[in-house]
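Next come two complexes, and both contain chain A; in the first it sits with chain B, in the second with chain C.
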Partner chain A sequence: MNRSRRVMVFLVFALLALAISVSGVAAQAQTVVIGFTASQSGRYNVESTRQINGLNLWLNQVNDAGGITLSDGTVITFSTVFYDDESNTDRVQELYTRLATDDNADFLISPYSSGLTDASSIIAEQYGKIMITTGAASDSTYMKGYSLVFQTYTPASRYLTGALDLLASLDENAQRIAIVHENDKFSTDVSTALNDYALELGYEVVLFEGYDSGATDFAPFINKIQEAAPDAVLGGGHFQDGSTFARQLYEKTVEPGFVALLVAPPEPSFSELGEAALGVVGPSQWEPLAQIDASAAEAAGVDFYGPSSAEFNDAYMEAYGEEPSYHAAGGYIAGLLLQKAIEDAGTIETQAVKEQLDAMNLLTFFGRIQFDVTPEAHGLQIGHSMMYVQWQGMADALEKQIVWPPEAVTADPIYPIGGE
Partner chain B sequence: MCLSPSSQPSVEKIGSSLSKAVFRGGYMDILAFLTDGLLIGFVYGIAAMGLTLIWGVMNVINLSHGSIIALGMFALYFLFVSLGINPYIGVVLVAVLGLLLGMVIYAVAIHRVINAPHLSTLLATFAVNMIIIGLGTTAFSTSPRNVDFSLGSMSIGPVTILGTRAVAAIASVLITAALYYFLYRTTLGKYVRAVTDNRAAAELMGIPSARVLAFSFGLGTMLAAIAGGLIATFFPFTILSGTTYELKSFVIGVLGGVGNPLGALIGGLILGTFEGIIPYFLPTSWVPVLEFILFVVILLVRPTGLLGAKK
Partner chain C sequence: MSLRNLRNPGLWITVLAVALLGLWPIVTQRASTREEIFTVMLSVVLASSLNILLGYTGYVSFGHIVFFGLGGYVGLYLIIVQGWSLWPSMIAGGLAAGLLALLLGQAILRLRGSYFALATIGINEAMRAFINNFEPFGGPTGLSLNFQTYNQYGGAANALWLIYYIVLILAVFNIFLSYIVKTSKFGLGLMAIREDEDAAEVMGVITPRSKTWAYVLSAILPGVVGVLFFFKNGNIEPPQAFRLHLSIELLVMVMLGGYGTVFGPLLGAVGYQRLRGLLLTSDLFKNIQLAVAGLLLLLIILFIPAGAVGWLRQRFPVVRRFIP
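Here is the complex of A and B:
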């Protein structure tokens, strides 16, 4: 081999080495760790499982698509670290501390429920971690001066107020309402806000009373409702107590014209109550029936991000073989918002991602997303709104319909219950 | 009439609530509250009977009582939903399963520590409780189940009685009577009472105390499972639902007298009446406060319970 040929061979190898090293930089990969707790045991097991299913669906979709590529070429994929919080506040604080320190999670997702989320928010803020909260609607968590906690759900203060707007649209003579609610943080916050709103609208609140979490016998409350003879009964708490309350109202033949309960009615299994479910209204953070896609965003004059409602619905059905509830959608949206903020920030630096979340104003399959950025209520969800569903049809073939707000309705509401 | 036209909903004062009661309608209204309280009281009684029997006979505080009640609920649910068996026939099968389960639990977890300090049996039954709840959560999740069975209802004025609750009340009375008959009229029942009174003396008389104790534990769990089965006919439930009844069973045990079936039934009725009547006068959140005041008063004034327990 002569000299010039040796030089050529050297140059080829040098170029190859350079190309390999450059491509190595361009394809630099980074795994972002998302930490959270799941209620794999205890009373929130069902809702939490669905929430985590939704989050995992988002994560698998992103990773299967090769991750997200930042402006500097870094490819981000996601992994999770999680523990069973046993639906227990004390466990949550202990485990989120571990996630933030020992596991060094880059970002946090909240547990399910307002109480557990409130406990984990303190830890997220203390250790300087961004936390997207989902499955948690209480307003008070965001009134504590936190700057890194961002809420996806419509807050409790607006959770059931739309039900009163619906009632007002149906019957201007309805005056007397009874509020019977679970004595936990979320339900009490919702009911207190509802009570204030009812008084503001001129309703007479003839009964306002709470029941213990885990209550199964609602006879004392139903007797009081019978005595008070309200036009509407509102309240409830979570799935089990809400479905029990609805069943016992029906069994004891107490039929106020309008019943709106928290959490339970939007769940698909609520229809197993048969005739007891008929006509019961429930607020929902999201419904598969609602068609939210890019065209809706265009009409609203905001950007659309992520899959449409139909795409999310189909993907969830394929992955888990059941229709997604709003808890599942809440899990997915938490991941999706984090993805959007990281993409826009071009980095996973906490401050840069926080700034993108602060500036966020967009439409997703889950609905409008925008956060309060005032110091008084930083992170509170101000863009998203509730939908109200009602079970309609025959007892053995009930269908869930959206009956409020007017722009989303899929069927006329049944009113009064038992009147048709 | 306003029960609580409140701009401060979370704070309701006893005085104002009592004054509201004065304005309430006639005695028919309170009858509705009383009837519901009594009907649930019968079920509390049967739920407490198993706990108090084990407590009285073996001096074991069975912390797995609540989870066995929950298993009774699930057993009835699967018999009804999967096999289509009438719930009241299902309760009989649940009783047999409860008896066998209790004897197995005794042999595996209790027998070796029966003579150890109380803390050992307490921890052993607590461990059984955690195992049942853990396995139950894995197998059934905490998703509520519902036995969709109805016997209709009957209304007399403001009082509405559900058929399933009425049957549960009648069953409670029959079971109490049967338990009395068993304990006082049968040889095996006399063995149980003999072991309860003095285990050493019973053994000297040739009574196989280990087998009697195993049977007694099985009897206690059988009653818990029956209670669970009956409750499942009118309340939805999860694997965690037994805890509420376990807690009430402790109160009833102290109230009626440990080891006394009739005491348990009467204790249950008193507790049920409390739960029925108190909400007529006060916000329902006062119920546990007054229940536990009653609990402390009974402990101070009559620690052996209203019907006078043996020890």
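Here is the complex of A and C:
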């Protein structure tokens, strides 16, 4: 072989090697598309925006860190496609179909609220897309025979049951409870489950009443509460009615030793009620105060994954200039769980990722995560538990403290309200 | 109503327009297109039904969606709780809506103008409150369909196509119904009521009966499509089923296309829903889509108050034969 021919052969081999290496690099980089709808308008706008902020924070952190590397060397980065669902179900199925087909989303995240999630779940299941739900607490969504829908929140049936456990730990003589709740799907689901749990624990439910959404006058219910003389009042619904109910209970000097209301108490603006907010307990999916990190996982005997509470809190504050709500944490955790399942599966193939989600049992800054894998309630969250907060301190300088469960408490509970 | 009326080219142009639009997803077999056109067809049925009351009879109803919601509830109750198939449940949903209209019509159609309009809002709200406390329908929790139910219809994918075909057939049927009512003696009586109810009565139109039947006719198909929509949706809850906002959107569609015409509600429904759909998914407008839609509607209503079809028919009388 003469010299020029050897050079030619060398060049051909060099080009081939280059081509193979270039195609190899291309095969190793992959962008995963996550599709969802956000309520950019309508009544869920605030909660949904925070949820999406949380999801975007996770996505930016992963992508800024160079993506995730699978066992075969593939580097995965993430992108999102989303549309406005206007907080109503009219177009949810249309938009999720578009995400699953035209936009080729690899994975889906649910809209905010159980109603919208119900509509989108059918599309996810139909097109064989895994959907991580967040902001969707209703139990019934996960009891419809789906296999690809996974819940991050504690279900509605366990929203207020921990409050009764707290009451039981505080006062074994407390026996009579009143449940007054908003007459909507979420609050009714929560209150019905609470009623069943109370009866199971041997409590006497002396009042079980629903009020219309948007109610502003609770006098008829407060009169009934006064007549029934319960040891505890539980229920509520959403922020506006819950705050008004708490204020009117205080103004009418109804002072059961224990008050636990849905949704409103964990909101920072609830403290604007002053003394009316003092001692009121509320359930929260997650609180910035909670210090959940690897040491907590070790104590629980499970793996820890992702940032600690403090790291998430700091990153969110830096990105958005406000304290994260549990909606924001829920958005972040939806992405984080997907990341963990993809990493463990070593692929983005649906069945392999689903198997990892089915087997998942770990602790994150959001709390414990484990899914029901029975056909009756596949995807229902069974690991995560609510935290219960209480406003404490002086009326003009109230502070939110975690009072339940015992492993997360940041202060002793005030009991009975007005007793000190 | 004679067979000669059915030879009107305008009727067949309208039917052809609906059919072509409806066949588009079937030809392309694109699920996302099917979903877009499903929303449009649903609106065509609802707006066209409302037009019988609003356009022909001149009664403004802000509560038309009550029939959609009630039909949906009755249908889903029969499917989920009683184990009925979709077909009889659909019919039952339509009949329940018609029966409600018959009963309500006896009472509220005695009211006129704004009093009637206000009463329809009250009925929608009263029905929502009633269903919210009616335990057989799940109260505030509503009713949820098990995903396995779709297996009876060949799985979820087939069920979604099946529902689409039915809604398409109903949209075409509704165009015929709307045209037949308009060109019948009954329809002329309704339009006489619209122009002057007292004069119509003097001329021999039995106004209470005519208005009641117009109300019943306008209620049945919304009841049927309510069953289909919520069956497809997988669940039904009172706030979704009786959404006043949707009633107002229907009024806008009818006014936009041209009330009192057959083609108008079709054009209004297609135009409105396509506009909203495009704005929602447009990168440029998706963040301000409500503001843009509102502005466009304002301009149209300001400058062509008779609606698109009304304007065309006034401006170019020759097209009246082709745009009924």
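In this text, the second predicted complex is superposed on the first by the 397 of 420 C-alpha atoms of A that agree within 3 Å, B and C clash if a C-alpha of one lies under 4 Å from a C-alpha of the other, contacts with A are read in each partner's own complex, and residues count from 1 in each chain.
The working rule: a contact is a pair of C-beta atoms (placed from the backbone, for glycine too) under 8 Å apart; a residue touches a chain by one contact, two chains touch by 3 or more.
Since the model is a prediction, treat every value here as computed from it, not as a measurement.
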Practice task
Could you classify chain B and chain C on chain A, in the superposed arrangement, as clash or fit?
Solution key: fit
Problem - Angle at chain A between chain B and chain C, C-alpha centres, nearest 10 degrees - result: 50
Practice task
Would you check which partner chain A:A300 touches, where first means chain B only, second means chain C only, and both and neither mean what they say?
Solution key: neither
Exercise for the section: Please indicate which partner A:K185 is in contact with in the superposed arrangement: first for chain B, second for chain C, both, or neither. Expected result: second
Exercise for the section: Name the contact category of A:R91: first (chain B only), second (chain C only), both, or neither. Expected result: second
Practice task
Kindly classify A:A310 by the partners it touches after superposition: chain B alone (first), chain C alone (second), both, or neither?
Solution key: neither
Exercise for the section: Classify the contacts of A:V205 with the two partner chains as first (chain B alone), second (chain C alone), both, or neither. Expected result: first
Exercise for the section: Have a look at where A:L273 lands relative to chain B and chain C in the superposition and call it first, second, both or neither. Expected result: first
Practice task
Quick one: classify A:I122 as touching chain B (first), chain C (second), both or neither.
Solution key: second
Exercise for the section: Report for A:M394: first if it touches chain B alone, second if chain C alone, otherwise both or neither. Expected result: neither
Practice task
Determine, under the contact definition given at the top, whether A:G145 touches first (chain B), second (chain C), both, or neither.
Solution key: second
Practice task
After superposing the two complexes, find the smallest distance in angstrom between C-alpha atoms of chain B and C-alpha atoms of chain C.
Solution key: 5
Fill in the blank from the handout: Dual-contact residues of chain A, meaning touching chain B and chain C, are 40-41, 183, 188, 210, 212
Handout entry: chain C-facing residues of chain A, complex
Key = 40-41, 83-84, 86, 88-91, 93-95, 97-98, 100-102, 115, 118-119, 121-122, 125-127, 140-141, 143-146, 183-185, 187-189, 210, 212-213
Handout entry: Contact footprint of chain B on chain A as seen in their complex
Key = 40-46, 49, 179, 183, 188, 191-192, 195, 199, 204-212, 214, 216-217, 219-221, 223-224, 226-228, 239-240, 243-244, 247, 251-253, 269, 272-274
Exercise for the section: Would you tell me which residues of chain C are touching chain A in their complex? Expected result: 30-32, 34-36, 38-39, 129, 132-133, 139-142, 144-148, 155-157, 160, 232-235, 237, 239-240, 243, 245-246, 277, 280-281, 286-287, 289-290
Fill in the blank from the handout: Counting only contacts in the complex, chain B reaches chain A at residues 1-7, 9-10, 12, 24-25, 29, 32-33, 36-37, 40, 133-134, 137, 141-144, 146, 148, 150, 153, 155, 158, 160, 162, 235-238, 240-241, 243-244, 275-276, 278-280, 283-285, 287-288
